[in-house]
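You will see subunit A twice below: alongside subunit B first, and alongside subunit C after that.
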Partner chain A sequence: MRSGSRSAGGVIGRCVLLLSVGVLCVLPYVVLVWLSCGSGWEWPRLVPLRLDGVAWQRAFSGSNGRAAWQGAGLSLAVAVCSTVWGLLISRCWSESGSGRFRVLLYLPLLTSPAIAAGCLFDLMARIQLAGSWLGVFLVQSVYGTSFAAVLFAGVREPSSWRREQLVRTLGGGDVAVWRHVVLPDVRGLLPLCLFQTALLSWLDYGLTTVVGGGRVQTLTMRLFSQIREGGVSQAAASSLLLTVPALVALLLLRWRDEGAVMTTGGPGLTGGLRRELERM
Partner chain B sequence: MSGVSGAGACVLRVRGLSIQLGGRPILRDVNLTLAEAETLVVLGSSGCGKSTLLKCLAGLLRPAAGTVAVSGSVAGPISLYLDQEPLLFEHLNVFENAAFALRLRRTAEAEVRREVGQLLELTGLESEVRKSVWQLSGGQKQRLAFVRALLARPRLLLMDEPFASLDAQTRLKMQAIFRSLAEQHQMTTVFVTHDVREALTLGTVFGRLVGGGYRDYGCRAEFIADPETGVREELDLWDGIRWAD
Partner chain C sequence: MRAERIAGMALLVLLVLLPAVWMVGYAGFYSVGLLGLLRTGLTASWWWQACSGGVLLPSLLLSMTTAVITTALCLVTGMLLCVAADHWRVERGVGVMLTLGAALPVSAVAFVVLQLCSRGGLLARGLAVWWPDFQPGDFPVLVNDVWSVGIVLAGWLTGVPLTGLFLLSVWRSAGLRRYVELAERLGAGAWRARVCVGVPMLWRRSRLLAFLLLVWNFSAWEAPLLLGRQSPRLMSVLIQQSSGQYSLQDRPLSFVYATVYFAVLACLLLWLPRVHAGASGGGKAADGGGAV
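Right, the complex of A and B next:
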């Protein structure tokens, strides 16, 4: 009887805990949706005067819409370039085996991007990169590339080198090595790297503010402007819009992994992680 | 004496080979020759330098002294090194793994299908052609790696205890497959092992690594008769077990 009541108590406790965590995670989004759908919300009212879609209409049009598209384009460019450069650099790192090279790769990750950009602003202004999309792209790419290189370098195994030797012994050149060893090794990580580096750019505020000098307008920059101006509904809509690419990418990654499980029976990236967690 | 029993052309000639690792001498003054279609089995205990010798023959390690010469014209690689790790390509299915070297040489599709199909059938993998590599057992993976190596047509095949990680039954099957295919395709092979029975089963010429040096044997009888190989002892032991049963 005692063990039965303890287990029932444990189940209830677990449910309460999960519910609390769920509510805490979901609550901010619920509030944001509520905020974004209202207008004429006067202090100290708890509910807005009217529920309409004015903030959402503005979110997709005018300067806000333009900033969103520009930010998306910048994120895509940073993601692709960082991933490609990171992959190339990680190979150079692996081939050199140099510890000093490794330190160089980690350097950008040790510094705050905004502070680094602030220190370099004067130089960037002299070479006319400050206040330009190119300048923001280059500086964001430095951090993205560093992240990508460290990520891909961690995938290398001793068997990777042996398979490369095998491909060359069997008559393959560089193209065959990339096609049959390098790219298959990192295939699972490519979407993840693209996603993370894109997010790095999409959500960045500090770097874009310092290097962009106010001329580079992304959705994140517009969000902070709206907060400063007191446009609560508009800011809420922009915040939710900021989360959309991340949500879409997560869903795509999940569907891809589930598809991999169904067609091949092998684990996807999240499936493999799930198995490890279950084992623990 | 040299490791040449048959009348075939000399494929491998090693003269005065010395190997050091980290400044420490591993092998000294190794001399051996190997004729075409022969299987040289090199016996030695763990840590005596068998893998080191093989890697040097494969060009994966640079010797401190001496020369390694592999002669003859080749369609494929000069030498190919195989060990316990099959090193299959997980993004390719069984057929494409087997056909890998042929694809790199841009062999005609009909010929690829014929050659790969033949060898997969001989090794009992014909029903697995469309499967992914991770769906195969350890023995199947080793067989596939061996098929891929054969289709690569190397001048010299270097096998570093490739069956050591397999269970006894699978190992016996693999030994039979290797012997049959090596004869059929006239493969020239250097096979290192510490297993005496495997050495006797697979070898046509024999050698032994001991104390950093290499000793070769003129024939199988000489190899068995040498008390230092432990062959006679092991054969007597198995005879005793058999008679006891």
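Right, the complex of A and C next:
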């Protein structure tokens, strides 16, 4: 991939570019580490009164540690179920092949989680799942499943159909079709889907705070409580703790596929849909 | 095969269609007094109250303006990065940096912006170190401000890694460098070739991303919750806070706002096929030059 073309801006320009991107992307980490290292941030101190690891000790213990473990368990459940359910839905979608179907699947993805949760809260209350882990799991799965369905439906190609027909002609059943056609087709996307849906759940605040009603405590819930209470060091430590799984997942995916685009930020799942977007 | 199809359809209905229909239907019916604890029978009073209250329109305009500005900034930055990083070594470095940025969740970014840009934040403290007379009140209001600078900044910080990584990936996979090289061989300068040839082709392929970014920025919640003002609030914050957080009597109003939000979303979704057609048509037209 070496460029034969003249580079725009020369060596200095490239260095400035790398530096700016570095500052843009690394500065938040530096700020978070700095804030989490001490306590006593009186005006106008840039250095805390006490440089201690109290925030980090608290981050792993008590309610914070419990919230982190519970959140991790919830993310795992949402990731696995959404991936399987999305795969099943994508098979129906591929068969119908309708464009309207595509918009339908995009609908939950495009709706703000906080607004969706506000509308779904009453439904959850009616079926007595508001304020429960199961309720939060279900509403998060709506988003996860839509994402997985959109992602997997993009990989179905005419050759997949022909191979499926071949397997059935040779006497294979559903299990054989899944083993020889479906799973090999989606194998490359499975880690991306699992990571992205797990991160969706791990970082979710809107759905958890409304549907969970304060009874379901995850790390994001703790982070917002700490920000509201003014616990700067604690909030910084929680933010970093929240970021670590995302960072590991992203670096692993990038190491596996250099073109992988996955994000955890506001646009959430868009990155995971790179292939779908490029296909369009 | 049949069982698989039935399971898929059942999941589609239960996990995608039912929630979507419920959200839109429940908000609509609640807002006209046909559902919920405060139902009064068919009435337009909540709509009248919402429309005449002077809250809805400013929030809608603020949400849309913030979304458009954030999306535009993200795309321009992403394209500049893409064009300037057109060298394999730089591209790899930028890719890794952007991956680091992409791992930061919105809540963490919003917290960082709050700690950096508030009047008692790290930037103000830095200035106070240089100028001993500097007071927190001398620092410009950048968070919870009139112009939503903090929200745009947080949106930009979370959006740039995504747009940057996506556009770099498109630049590489669509082989746009070949076209730039051709333009250079035909006499264009390095920068001109990239801006006049690469950027338009990149734009045609990133329309759908721009559309999704716009919708997501319009629906943003965590950053506006931390960095926005109490009035006007962004749509998501307005809807969530009026759905019984302060007074249960405001609950029907929140469903009026939610119905308006869904209407705007529906209009945007109706616009999606055009974006889609433009993106595919444009992409093909752009590649029409064929072999280079």
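What we mean here is this: the second predicted complex is superposed on the first by the 236 of 280 C-alpha atoms of A that agree within 3 Å, B and C clash if a C-alpha of one lies under 4 Å from a C-alpha of the other, contacts with A are read in each partner's own complex, and residues count from 1 in each chain.
The rule we apply is simple: a residue touches a chain if its C-beta (ideal position, glycine included) is under 8 Å from a C-beta of that chain, and two chains touch if they have at least 3 such contacts.
Small disclaimer: the values here were computed from a predicted structure and weren't measured.
Shared-chain residue A:Val26: touches subunit C; no touch with subunit B.
Touch criterion met: A:Arg162 reaches subunit B, while subunit C stays clear of it. Once chain A of one complex is fitted onto chain A of the other, the partner contacts of A:Gly230 are absent, as it touches neither subunit B nor subunit C.
Legend: residue contacts after superposition of the two complexes on their common chain; A:Arg187 is shown touching subunit B, with no touch to subunit C.
For subunit A, the partner that touches more of its residues is C, with subunit B and subunit C as the two candidates.
Contacts of A:Leu170 after superposition on the shared chain: subunit B is touched, whereas subunit C is not. Shared contact residues on subunit A (touching subunit B in one structure, subunit C in the other): 264-266.
The touching residues of subunit C, when paired with subunit A in their complex, are 1, 3-5, 7-9, 11-12, 15-17, 19-20, 22-24, 26-27, 36, 81, 83-88, 90-109, 111-112, 114-116, 120, 122, 124-126, 128-129, 134, 136, 154-155, 157-162, 164-166, 169-170, 172-174, 177, 180-181, 184, 190-191, 193-194, 205, 208-209, 212-213, 215-217, 219-223, 226, 235-237, 239-240, 243, 254-255, 258, 261-262, 265, 268-269, 272-273, 276, 279-280. Within the complex formed with subunit B, the subunit A residues making contact are 159, 162-163, 165-166, 169-172, 176, 180-181, 184, 187, 264-266. Taken in their complex, subunit B has these residues touching subunit A: 60, 76-77, 79-81, 85, 87, 89-92, 100-101, 104-105, 132, 134-135, 152. Every residue of subunit A that touches subunit C in the complex is listed here, in rising order: 1-9, 13-14, 17-18, 21-22, 24-29, 31-32, 35, 43-46, 85, 88-93, 95, 99, 103-108, 110-116, 118-123, 139, 141-142, 145-146, 149, 168, 174, 177, 203, 205-206, 210, 220, 223-224, 227, 232, 235-236, 239-240, 242-243, 246-247, 249-251, 254, 258-259, 261-268, 270-271, 273-274, 277-278, 280.
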